[in-house]
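Listed next: structures, encoded as structure tokens.
What follows is a pair of complexes built around chain A, which joins chain B in one and chain C in the other.
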Partner chain A sequence: MTDWARRAHPFTPGAVMLALVAAAVIAPAPNGSVIVYSVTIMLAIITGAGRGVWLGILVSAPLWLLLFVMHGILGEGPRAPFIGGGTLAVEGMRWAIGQGARLAAIVTASLAFATVFDPHRFLQAAIDRGWPWPLAFLVVATLDAAERFAGQARRLREAQRTRGLKVHGSLLTRARAIPALAFPLMLAALTEADEHTLALETRGLTRRGRRTALDPPADTPLDRLTRWIALLAVMLLLTWRISA
Partner chain B sequence: MISLGTGNLRFSWPAQERWALDGITLQFAPGELTWLHGSLGAGTSTLLLALAGLAPRITGGTREGEVLLSRVDPTDSTPLDLGVGYLGPSPTLQLSGIARTVHDEIAVGPMNLGWPRQRILAAVADAMQRVGISALADRAPDLLSGGETQRVLLAALLAAEPQLLLLDEPFSALDRAGREQLSALLRELADSGLMVVVACDDADTMSLSANRLVVLEQGRVALDGPPAELLGGDGLMQTGASATDAATLAALAGWAEPRPLTAVAVLSECRPAPEPLQPEFRSGKDESPPNFETTTLSFSGVTFGYPGQPAVLRDLSLILAQGRSYALLGANGAGKSTLLRLAMALEHPSAGTIHTIGRPTVGLGPEDLAPTVGFLFQQPERQLFASSVRAEAALAPTLAGWDQRRTADAVAAVLEQLSLTALADEHPWDLPLPLRRLVALASVLVTSPKLLLLDEPTAALDGRSRDLVIAAVRSAAESGATVLAVTHDAIFAHEALDRAILVEAGTAIESGPLADTLESAGLSPTASLTVARELRVSDWISRRCEVAIMLSGIRHQRY
Partner chain C sequence: MSPRLFALIPAAVAINLVIGRVVAELSLPVYLDTLGTMLVAVLTGLSGGLLVGTVSQLLSGMLSGYQWLAFTPIQWLIALLAALAASRGGFSTHWRSAAWGAACGLAGGALSAVISFVLFRGVTAGGVTAIGAGLRALGFSLESAVTLASVSTDVIDKIMAFVVVGMLLRALPRRVLGRFPLAARAVGR
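Showing the complex of A and B:
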């Protein structure tokens, strides 16, 4: 199971991620949100996407701190004792925990999915299923654009360093280097995008018509079962919330 | 059967008043290998884009007149649907970005054509075998060298089984073996019935394979005929397009047309043999043993590999003496560019030590070596960042703390040296590729570095731009700079540099006088070197201008 998320059919981790995000939105706070966040952490760890949990904590921590200060310390209403002789707003803390867990579940599910997502396998799967090509390519091209942008930034920074621009060192030195990089980076990205568009056109990437998946990922019974369970779980949760 | 023709074709780029193509009427035939040639701005690349239907549909701009590809306007469809394979001049930008391996990259075209899987696999295997890259099948496309990328892209075109190949500078990043192999392959493809049109400035390579030469001048057809008839004539020289190395040598010697196209033909017309030049004619090529007591760059037992990849350099050792100029030779993927990156402290070895300008590179970055060390990247046109040519050239001196007067003088001098003065206020990104490369070189030369590290400084340059680079590099070397230049260009190496280091499989296997190392590196000797050797004059007198002086005394006679 430790690398199941990477080996699974690319649609399966996506379906699970969407189900967890939906559950985090639907489940009642704070208990429901905490349960969904716990399930998200557990699933990420046992399927080999544990890095997403740590990234999720890093991203969510400032938000948790803000919610704690705004609603726990500065909140109004009945108060309960807190360490050091201070007090916390009870309702504010319930709200902060509920919303904090909800947002953390969404962030963690998304990041866990991002760490195991393979755009090339996704593209093969999308072609195999006959998905609209522009939609499938848009997903991959967006991720590829980020990678290209990073590559262009690295090349420009290297070129500037070889001319003597200091981009390391104190915070001030680094801050001074940002404008020197930002504008040329945008210009280069736009120019290269033009040339890359031309290249993609010649390779048939905008051509209409059926394509062939060269190496489509296997869609196992476990994959299909997992996707159905994810869908069913969300439907049940939604039904319960509407009827409750 | 495919047919292709243009009728009074005119094209102008967006926001430009001048016609880049101005009334071109041409017919191309299957089985023909047509070579489009011309000086900078002649319009050869633009014509290829128009023939592919990419201009103006994708590029923008205005077109008048007609292009008919099998009786349809190619702008109404995609190149792949029309059986057109187009390869642009910047290899790394041509990668699809959707493939994890070279094999999958080559399969992109057939995959998009919707062929059955078995047919795709067979076509990919055949294309890789034809281009000689089967060993690269499992490599990541974005980690290939420039030459390897160019081969992969060519295989990708072939895998889609095109009827028409339109190639823009397909040899620019290839080593000699690669050029010869591709040249032969193009000839073979044309012989099998394909229509092949190549825009290229490499006259020596194309003269061997093309059966038709179309020379453009300012967007118009200036010459059209068999290469053997046109390359040695005055008409070609008047357009500014480059001739073969031997024809250029003969022209420099004042020989009248028709001039010989090869060194052998030059020799056959030397009757009687010329008198060797006296030593005072030596123009500075230094063949004396280098003095290694004053080293500028040293590698000692250096091993390096990129993360997750096999070692690129293995236990490599070399020493560069101060004031000498070296060509770094070797096949595509041998580790030459990586060696330069290590010397500039852009990378650091996993074992061994490197000293650049007497400093160990451990703990240093490139900014610590600039501007004493100048570094020109491969494809430097992608690494320009100022808003004008003048500002681009002024960046390094400004960062080095030079005062305004000194900076302005240095910038003016380097722009003059590379014939860029008239373009000083232009935005670098608005210039054509060869000029962008000259701007990048100017921004490196401006501080007169003690060590110049140049990665393919003449790749994809037209003849005139290459001559400017040769003169600039020679001038830097004669001023006492040490030069280390990665190159597959034998003429640049021979004309600008005096020693060579040969790298093979990540190790420096040979170092010595350039003339002796060219052939070990798989490069053909230049015409002037061949002539000088055959006439038994010293290798000291073997540069083009020196040999031309010798030949100028010989009356041109045909036997």
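Showing the complex of A and C:
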């Protein structure tokens, strides 16, 4: 079970992630949100996407802090004593815990999914299911481009710094560095788009018709069952929330 | 959809994500995470900008949490205003770019404040929430603090973004601009 999220059909972790995001939105705060967050952490660890949990804690930590300051310390209404002689807004803290757990659940589900997502397996699965090829291509090409451009940005920043670009100092000094860092990237995007246009035309991107997947991932009964359970769980939660 | 737009979209989305990250590393109180959306809206028109904005939010949601999908309408609004500015020659000078940027910042900031207040009660991205918290500490109500923080950061952000896109468009050779009639009109050529 340890590496299940990576070995599963690419649509299955996506369906589970969407179900968890929906559950986090539907579940009543604060108790429901805390339960959904706990379930998300448990599922991520069990299925081998535990790295997403740690990344989720890192990403949601500033949100927890800001929620505490904005609604706990600066909140309005009745106040309760807090350590060090201070006080906290009771209703604000209730909202902060509920919203914090809800956001942390969504962040964790998203990042756990991102850590196991394989764009090329997804492309094969999408082609196999008869999804429009341009749509599947867009997802994969965008993820590839994001990684490539991030590397390019790092190299560019180092190169510009060796030429004397200042990236530290006053607000104005740092703001002046933006054109030197942004322009080459934007120009590279335009140049690259020209080259890719030709490549896409020769590969028949806009041609209609079904394509054949070269290596479609297996869609096992367990995958199908998991997706149905995810859908059913969200429907049940929604029904319960509406009727409650 | 043309192969050129298909080739532009991934690069533009990557620009949104990467420049957003570069600006965050410079610790500037702006985002500049819509440059790709603006660029494509100006080069190819509204539909291209809408598509880049949507894909950007989907991808950025995957990398930092899908709660930020709620801000997708801001990307659409920026694409709309950038395409409108392009059709009216809004990138022909620094001042025109800055004026359109300010208008876009006001509209975007107002929409962002509504989303931020209704769905998140003002706690969203670090910088803007820190400004909001500062305003709350000064005695502003939550609604006023969220609105002031969103609008002020968005106006600065969009002025800078429009000016940067305008500078880039004006620096492009006629040969490149010739392939994008809307962009040529945007810079008054």
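Operating definition for what follows: the second predicted complex is superposed on the first by the 213 of 244 C-alpha atoms of A that agree within 3 Å, B and C clash if a C-alpha of one lies under 4 Å from a C-alpha of the other, contacts with A are read in each partner's own complex, and residues count from 1 in each chain.
To be clear about the criterion, a contact is a pair of C-beta atoms (placed from the backbone, for glycine too) under 8 Å apart; a residue touches a chain by one contact, two chains touch by 3 or more.
On a predicted model such as this, the values are computed, not experimentally measured, just so you know.
Participant: Now for A:Ile57: first (chain B), second (chain C), both, or neither, which partner does it touch?
Facilitator: Neither partner.
Participant: According to the stated criteria, A:Ala233 is in contact with first (chain B), second (chain C), both, or neither; which is it?
Facilitator: Neither partner.
Participant: Counting only touches as set out at the top, which of chain B and chain C does A:Val167 meet: first, second, both, neither?
Facilitator: both
Participant: First (chain B), second (chain C), both or neither: which does A:Ala180 touch?
Facilitator: Touch partner of A:Ala180: chain B, not chain C.
Participant: Look at A:Leu200 in the shared chain and tell me whether it touches chain B only, chain C only, both, or neither; answer first, second, both or neither.
Facilitator: Both partners.
Participant: Looking at A:Arg148 after the superposition, I want to know if it touches chain B, chain C, both of them or none. Which is it: first, second, both, neither?
Facilitator: A:Arg148: touches chain B and chain C.
Participant: Between chain B (first) and chain C (second), which does A:Thr212 come into contact with in this model arrangement: first, second, both, or neither?
Facilitator: first
Participant: Of the partners chain B and chain C, which touch A:Leu74 in the superposed model: first, second, both, neither?
Facilitator: It touches chain C, and chain B stays clear.
Participant: Considering only touches as defined above, state whether A:Ile45 meets chain B (first), chain C (second), both or neither.
Facilitator: So A:Ile45 meets neither chain B nor chain C here.
Participant: Where on chain A do the contacts with chain B and the contacts with chain C coincide?
Facilitator: 137, 141, 144, 148, 152, 167, 181, 183, 187-188, 192, 194-197, 199-201, 205-206
Participant: In the complex of these two chains, what residues of chain A are touching chain C?
Facilitator: 21, 59-60, 62-63, 66-67, 69-71, 74, 76, 95, 99, 103, 106-107, 109-111, 113-114, 117, 134, 137-138, 141-146, 148-150, 152-153, 157, 167, 171, 174-175, 177-179, 181-183, 185-190, 192-197, 199-201, 205-206
Participant: Enumerate the contact residues on chain B facing chain A in the complex.
Facilitator: Contact set of chain B toward chain A: 49, 52, 54, 58-59, 78-81, 84-88, 90, 93-100, 104, 107-117, 120-121, 142, 156, 160, 344, 346, 365-367, 369-371, 374-375, 377, 380, 382-386, 395-396, 399-400, 429, 443.
Participant: How about chain A: which of its residues touch chain B in the complex?
Facilitator: Within the complex, chain A touches chain B at residues 119-120, 123, 127, 137, 140-141, 144, 147-148, 151-152, 155-156, 158-168, 180-181, 183-184, 187-188, 191-192, 194-207, 209-215.
Participant: Within their complex, state which residues of chain C touch chain A.
Facilitator: Residue list for chain C touching chain A: 1-4, 6-15, 17-19, 21-23, 25-29, 32, 35-36, 39, 55, 59, 61-67, 120-123, 126, 129-130, 132-133, 136-137, 142, 160, 164, 167-168, 171-172, 176.
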